[in-house]
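You will see subunit A twice below: alongside subunit B first, and alongside subunit C after that.
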Partner chain A sequence: MDKIYDLIIIGAGPAGLVASIYASRYRLDHLIFGAQQGGQMSEIADIENWPGDVIVVGRDLISRFVAHAESYGIKVKNESVILIKKADGFFEVETSRGKYQAKSLILAMGAEYRKMNIPGEKEYIGKGVSYCATCDAPFFRDKTVAVIGGGNSAAVVAIEMSDYAQKTYLINKGEKMNAEPIWLEKIHSSPNIEIIKNTGVIEIRGNEKVEKIILDKEYDSRGEIAVGGVFIEVGSEPGVQLAKKLGMETDDGNYIKVNSDMSTSVSGVFAAGDITTGSNKFRQILTAAAEGAIAANSAYKMLKLK
Partner chain B sequence: MAIVFTDQNFENEVIKSDKPVLVDFWAPWCGPCQVMGPIVEELATEMGDKVKIGKLDVDENGETAQKYGIMSIPSLKVFKGGQVVKEFTGVQNINTLREELGKI
Partner chain C sequence: MDKIYDLIIIGAGPAGLVASIYASRYRLDHLIFGAQQGGQMSEIADIENWPGDVIVVGRDLISRFVAHAESYGIKVKNESVILIKKADGFFEVETSRGKYQAKSLILAMGAEYRKMNIPGEKEYIGKGVSYCATCDAPFFRDKTVAVIGGGNSAAVVAIEMSDYAQKTYLINKGEKMNAEPIWLEKIHSSPNIEIIKNTGVIEIRGNEKVEKIILDKEYDSRGEIAVGGVFIEVGSEPGVQLAKKLGMETDDGNYIKVNSDMSTSVSGVFAAGDITTGSNKFRQILTAAAEGAIAANSAYKMLKLK
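Showing the complex of A and B:
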């Protein structure tokens, strides 16, 4: 029989890493797996709402989280988890490298970018369509670009792009942007950002590269806009396929239903971060970190205090 | 160890290579590229002499990046006989890369 760990944490973004820090301090013998260290956080340019840092680059903050977690002798394993299953009294986690057993699990796989599924989107990935402005903004210097989305991340990306692009269209399906007023103030004071509201994008066209987008209604008497780049920021979707195989309850949006102690519908399995319905669905680094701490505390109570 | 490709050595190391070459186009400012880097390193160690694996910093080697139309990073391209035979955009799992390189 292979070793049975107290806990396996799946996901190495803020929720998983904070869960690992707490688990180490509770002396829970655990493993943490992360195929993409930092998750979506590694793609954020400037984080301005993490307390103690007025402004911090996403990948810098995540490397501090990793260093903190690893200071307890844990190593974040770069292995993708293929399957999770329940066995007799423990859980088995199968990764790209092997099989591991644990008495409890914390699922912190986060969310990934939502695709629009419009014609041209997939074809032009890497040829003008991007989901990571921090990565790709410098390739669009002095060009015209479109940022699609109506939330905070679309607002942030439009501001980021306005430093590089000659002109940025921010295209929102709704009437109002659902973004922090501090970002909206910046957008309104940027002369090279133009907001197009109540308008959808139905197609991306080009030849070798993106050349234009097609709108669902006319704007400025045109049904299309010539752009060299399209940044898609239409929200995220939880990475929940593995959890579903465990028979875990989710809400209509596929987020894992959690109780206030981060327990799920499967006994012994906790969830934290963007993958859950927790924190009033306010998905932030701060709330993910907090959920990670609560999940580790609950695992500790279940394993050691009963 | 992954090789460092540059505008200067690209022709000799990649285009004229007798083995297939995996090139990881990256830049220091890109978070996901920092995630991709160690995976590419690990793959280079694992694959040994079978394929050539290396990285090209697009910030310092703009000519090659532009020639191959890089507009999104991390971007990985597999070259065989001087031609691009396979491309990936965004962070890739080590298994995917191992499998794809196995087919070439």
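Showing the complex of A and C:
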């Protein structure tokens, strides 16, 4: 029989890392797996709402979280989790490198970029189509790009791109952007960002690389716009496939249903961060971190105080 | 008619300050009142669980929060709120200096130290009785002190005092300390901390200053212990008097009942931090901060998106 840990945390974004910090302080013998350290957070250029840091680069903040978690002697394991299953009185977690057992789990796999599923999207990934402006912006210096989306992340990416691209079209299916006013003000004061509203993008075309996008209605008497890059920012979806196999209850949007103590419908399994219905679905680094702390506290109470 | 603000935030601890950061980003025209900047947080010596800072002094972290909130042109108003009342379509907040109106409120007054209500406690405040080790520890250098309490804060204070006092008694009414294992290990490895369990303190006696405490049963064949200082760490109580006058629903412990969006039983009033039943009642700087963010988001949605 292999060792049975107190806890396995899956995901090394803010929720998972903070769960690990708290678990270490509770002296829970635990592992944390994160194939992508920091998750989506590591791809954010400037974070302006992490309290106490007026502005901080996503990658730097996540490095501080990792250093904090690792200050307790924990090492984030860079292994992809393939399968989670319930065994007799414990859980088994299978990764790319081995199998591990634990009495409790915290699921903190976060969310993934939502795809548009339009022709050309998949074909041109890495050839002009990107889901990560922070990663790819410099490749589009002095080009014309389109940012597709109507929310906060689309707004932020348009602002980010306006520093690189000669011209940025921000294309929103709706009438109004649903973004923080502080970002909208920046967009309106950027001469090289142009908003196209009430308009959808139905296809991405090119040859070797992206050359243009096709609109669902004419804009400025044209049904297409020549662009060298397309940034797709139409939201995210929870990375919930693993949890579904455990028989976990989710809501209509596939987010794991959690109680106020971050427990799920499966006893012994807690969840935290963007993957959950918690924090009134206000998905912030800060709320993910707080959920991680609550989940670790609840796992500790379940394991040690009963 | 005076100006009606979008929002007034009452309390300038982590919950209130983070609510202000988010409110500023939402461009809500708001005020924040805090008679005691930072609240209880400013009295914590070493914070080891603010993510991204392996160790940080409470006063320094709160200064960073204040600087962040004030980076948006907001100034925390050092005024005590005396009365909150509902007027016709808005709320009126009366402070030590004036009256202010707002369409919505976020209550973030935090919690206050719980009193023991034993003879001598009140009389010797500032003469040996303290609720704030971080403030007062240096006055007890080389003395014998008692720390009363069975939770995390009592454990932390005992450790803190062991650096100053010659001898620290940690007196717990229960059998077992309910503190983080990492702190209990430090206590057990400190030669000058002595735990007295299953014992209550029923009186504090002295002349000019504290001289001894009276126990509810004999310890080491003595019914009293000579001490120069008594640190009372028996928990905290929400600062809820103002809210009660608004007719707000609270739980048995007097904490304001909040929904997942931090709304309260009074429409237009949100609450965040140690004063609420939120975050599974796991009262941390991190969870208070997250609640502040959620409350500001909810106030914004109520005011601007409807």
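Throughout what follows, the second predicted complex is superposed on the first by the 306 of 306 C-alpha atoms of A that agree within 3 Å, B and C clash if a C-alpha of one lies under 4 Å from a C-alpha of the other, contacts with A are read in each partner's own complex, and residues count from 1 in each chain.
Everything that follows uses one rule, which is that a contact is a pair of C-beta atoms (placed from the backbone, for glycine too) under 8 Å apart; a residue touches a chain by one contact, two chains touch by 3 or more.
Everything numeric here is computed off the predicted structure, so don't read it as measured data.
In the superposition on chain A, contact of A:208 is made with subunit B only, not with subunit C. When the two complexes are overlaid on their common chain A, residue A:181 makes contact with subunit C while staying clear of subunit B. Residue contacts after overlaying the shared chain place A:38 against subunit B, while subunit C stays out of touching range. A simple residue count on subunit A separates subunit B from subunit C, and the partner touching more is C.
Of the two partner chains placed by superposition, only subunit C is touched by A:54; subunit B is not. Once the two complexes are laid over each other on the shared chain, residue contacts for A:216 go to neither subunit B nor subunit C. By the document's definition of touching, of the two partners only subunit B reaches A:139; subunit C does not.
When the shared chain is aligned, subunit B comes close enough to touch A:126, but subunit C does not. Of the two partner chains placed around the shared chain by superposition, subunit B is the only one that A:78 touches, whereas subunit C remains out of contact. Across the complex, subunit B is touched by residues 35-38, 41-44, 57-59, 62, 78, 80, 96, 125-132, 134-136, 138-140, 208-209, 229 of subunit A.
Residue ranges on subunit B touching subunit A, taken from their complex, read 27, 29-35, 38-39, 42, 59, 69-75, 87, 89-91, 93-95. Of all residues in subunit C, only 14, 17-18, 21-22, 24-27, 48-54, 61, 64-65, 67-68, 71, 180-182, 185, 260-262, 278-280, 282, 284, 286-287, 289-291, 293-294, 297-298 touch subunit A in the complex they form.
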